[in-house]
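Before anything else, here's the structure in question.
Labels run A, B, C and D following the written order; every chain starts at residue 1.
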């Protein structure tokens, strides 16, 4: 199968029940892909956000695609609480593994490095830790009476993000959004949507290569111009604030959220 | 003190007895700075190579600047064994903490992350481990009967390397040599020599920013055109093979090494 | 308490107080959606002639991180973030902050976004400034329902950081780490000790003479309006316009 | 043993043998100063029509790593490096390799450069091919003086990789992980079993009938000379010229 695929083909590895990791709202969320997943009706995702999310997680939760969630925060930022997330938690329907940002980074770096755990400072005495039976406190073997948390490696089945460009060999330019590279290193497979295809190899120019994720880690790429809309793609376009305000307004109720899905997800938006 | 300094001023923080980390021979060794350190007569360095070294370590060892060495390998590559390193070890004069490449990367990443240790696979049953009383084997607390090595964080006093360019704010372009960023994050302070100064800010252009180490981590920068000579600066110039062959020939004996120092270090080479 | 006419806004006064708490550090970082702390950080930098380094995490221009989202946390772990700001849906008298839930964790009555980096940064940033403009018994509680990050830790817990102050729309509390309590530092002009007591859910120490929060100097107001406001406008255009542009 | 006239070089034959050991993998990495393994890897890729990914660590062009020197090791830790090459100043019959010292570790008679990444990669790369052209009792010893990396580990030691073969200028040994011993797979044309025995310091298993290492096919030689040699010339110009250019 070629590495450059249609959006639907590219998303095929995101099967029901898989562990899917997505980046925070400001670094290239694959929103066009997210809408396609909702249209396809993916179910029971074990969603991990690196480390936070806004509209992307809220949409997936509201559309019933998410069985479990690991995150440091879900919020619409200046547009308020994430309404579908909030509603799902309050109704007891969504199991959340509350984390803290550096813990998610470190747990993915553990998989990146092929180690079973990573230590992390902080956390001792926090209820975040108290609600994480999978995290362990040990006495630092290199000191005396120095409790420290061990985070088990987090190995997602699929990493999904949106980036400015990729080449035909599957190399993806991520720039200084280096957590996208860590996600790809840590996940079993990686799917990327991009604004455009780059002629030639991104690895040939040392300046471009410095911001490039090698194709070795990438399973499939789909072209999706403005594929992060209505969220930002850094250095390319900002958040669509008016749209996010509209989302916040509609998604405040289940009925309004259904209207939003009808208008912006199930009917493809006229770009 | 300004961040852009003369070479001698920039090197002032490298004091006798400090722990100095330098990069491998192919990623930008600060050779002009190394010659200046030898001229200044620095002593008792606790030298750490990330993870290997060639001429740089051999010169410092031969010139009597090094009290202890942590490395995965010192070699002149196609030009043979590193003669001064080999001689110092065989005479019992140099204490080597033998490591393996990923252990050095991981021990620096531990300091980068502010954790006291990092786990690493491998090593069990190796004499590398047997000779490292500072490394510890524990039973992986997340499994049963699964021995795993913990490496204590390695926090050098100073990181020293050569890079293509820096700007007036101390931002340094390192490109895909990302271990240079890790070195700088891990060390207490960082000194960089560069081929040239970049007009404006390296952080303003997202493409350049992707390969840039921020000035926050950098103590001093000195201009040193061809400052990695006779070693390579990636994408800029190759190894000077004729010179390295000449070094290998001369440094085979203590007398020949003294001749080399007289010719290429104590007298500044006419560039 | 004076009723002197104010020729500065509350936001300007709060930013000035916070800038004083930042002082002469090397690096202060400010999270998203924090226009007043961002103003304070940029004001401290303007006063310091380029020092401290200021990382506004929401900004592209005032954000030098190039190693991805982990760099802030790694940088703090290295001891290279000297000051940071935290808020909370609830904050209690021991400096505990709650960014997660009110009520039962599994089926809460209120769900906040989540702990973000608080459960780490609170431990390793030497000067954490708590900032919560809404000063009420709803926000400042006897005991938080969920501890996202604790204000104090046992002696054997690795901790190089923690709270130094809590700034609200009514007053400035200093945090006493030894006593594990807040101490009323000053009450803002136009507010009273009684009002602070009435609206605070936790106990705190009160000096015999309660100072009024000092007004920003003319030089400070000039720096904020002329130097800081244009920088701030990149990230908080509405805020910069509302607070700093002459009516 | 045949004395058939060779229309190929020893290097070409060794590269062909190694390419066969690489087979149809996803990713093979080759360290510095390894022209024959590099030839083999590029040959395997030429045969596979672009697969496996080949990382020549000494090359800029045939090296896609962009995350610094750690990426090879992280990549191997992820299970994404399927084959790698190791050598040793000494190699013994249990597959142990020594890249450090001969004699007393503190005051050795011989000091090699060091263990490089062997003490890690040998454990986590599924197919490690040992390659040492000098086949003598000096290099192939009963027991190495220093174990940079052990050939086998106890059952409870995490290990997804290890040796599959040892290629020398005289023969091809396969490694039997269950028996923890080498097994003579074939003897190169022009060499004999007796010669192999005389020059090997360790015990190994010998089949009743010892095959001769097969000669490369015409198609293989064509691929090596026409497709691989020009790619190789970037990193090993002298080698490419000496081995592949018609005299």
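Worth pointing out:
Please note the rule applied: contacts are C-beta pairs under 8 Å (C-beta built on N, C-alpha and C of every residue); 3 or more make two chains touch, one makes a residue touch a chain.
Computed from a prediction, not measured in an experiment: that's the story for all the values here.
The greater number of contacting C-beta pairs, out of the two interfaces A-C and B-C, is seen for A-C. Among the other chains, D has the CA centre that is most remote from the centre of chain A. Centre-to-centre, using mean CA coordinates, chain A is 29 Å away from chain C. Rounded to whole angstrom, the centroid-to-centroid distance between chain A and chain D, based on C-alpha atoms, equals 41 Å. Between the CA-based centres of chain A and chain B the separation comes to 36 Å, rounded to the whole angstrom. Contacts with at least two other chains are made by residues 106, 113-115, 120-121, 146, 148, 176, 181, 209-211, 234-235 of chain B.
Shared contact sites, meaning residues of chain C that touch two or more other chains, fall at 65-67, 73-74, 77, 124. Contact annotation for chain pairs lists A-B, A-C, A-D, B-C, B-D, with touch applied as defined. Considering their complex, residues 32-33, 58, 60, 65-70, 73-74, 77, 99-101, 105-124, 146-150, 153-154, 156-158 of chain C touch chain A. Chain D meets chain A in the complex at residues 27, 53, 64-67, 73-80, 124. Those residues of chain A lying in contact with chain D across their complex are 111-115, 171, 181, 185-186, 203, 209-217. Interface residues of chain B, counted against chain A in their complex, comprise 106, 113-121, 136, 138, 140-143, 146, 148, 150, 152, 174-176, 206-211, 234-235. The touching residues of chain A, when paired with chain C in their complex, are 23-24, 26-27, 50-52, 71-75, 77-78, 81-82, 85-86, 89-92, 98-103, 105-106, 109, 120-129, 131, 145-148, 176-182, 234-235.
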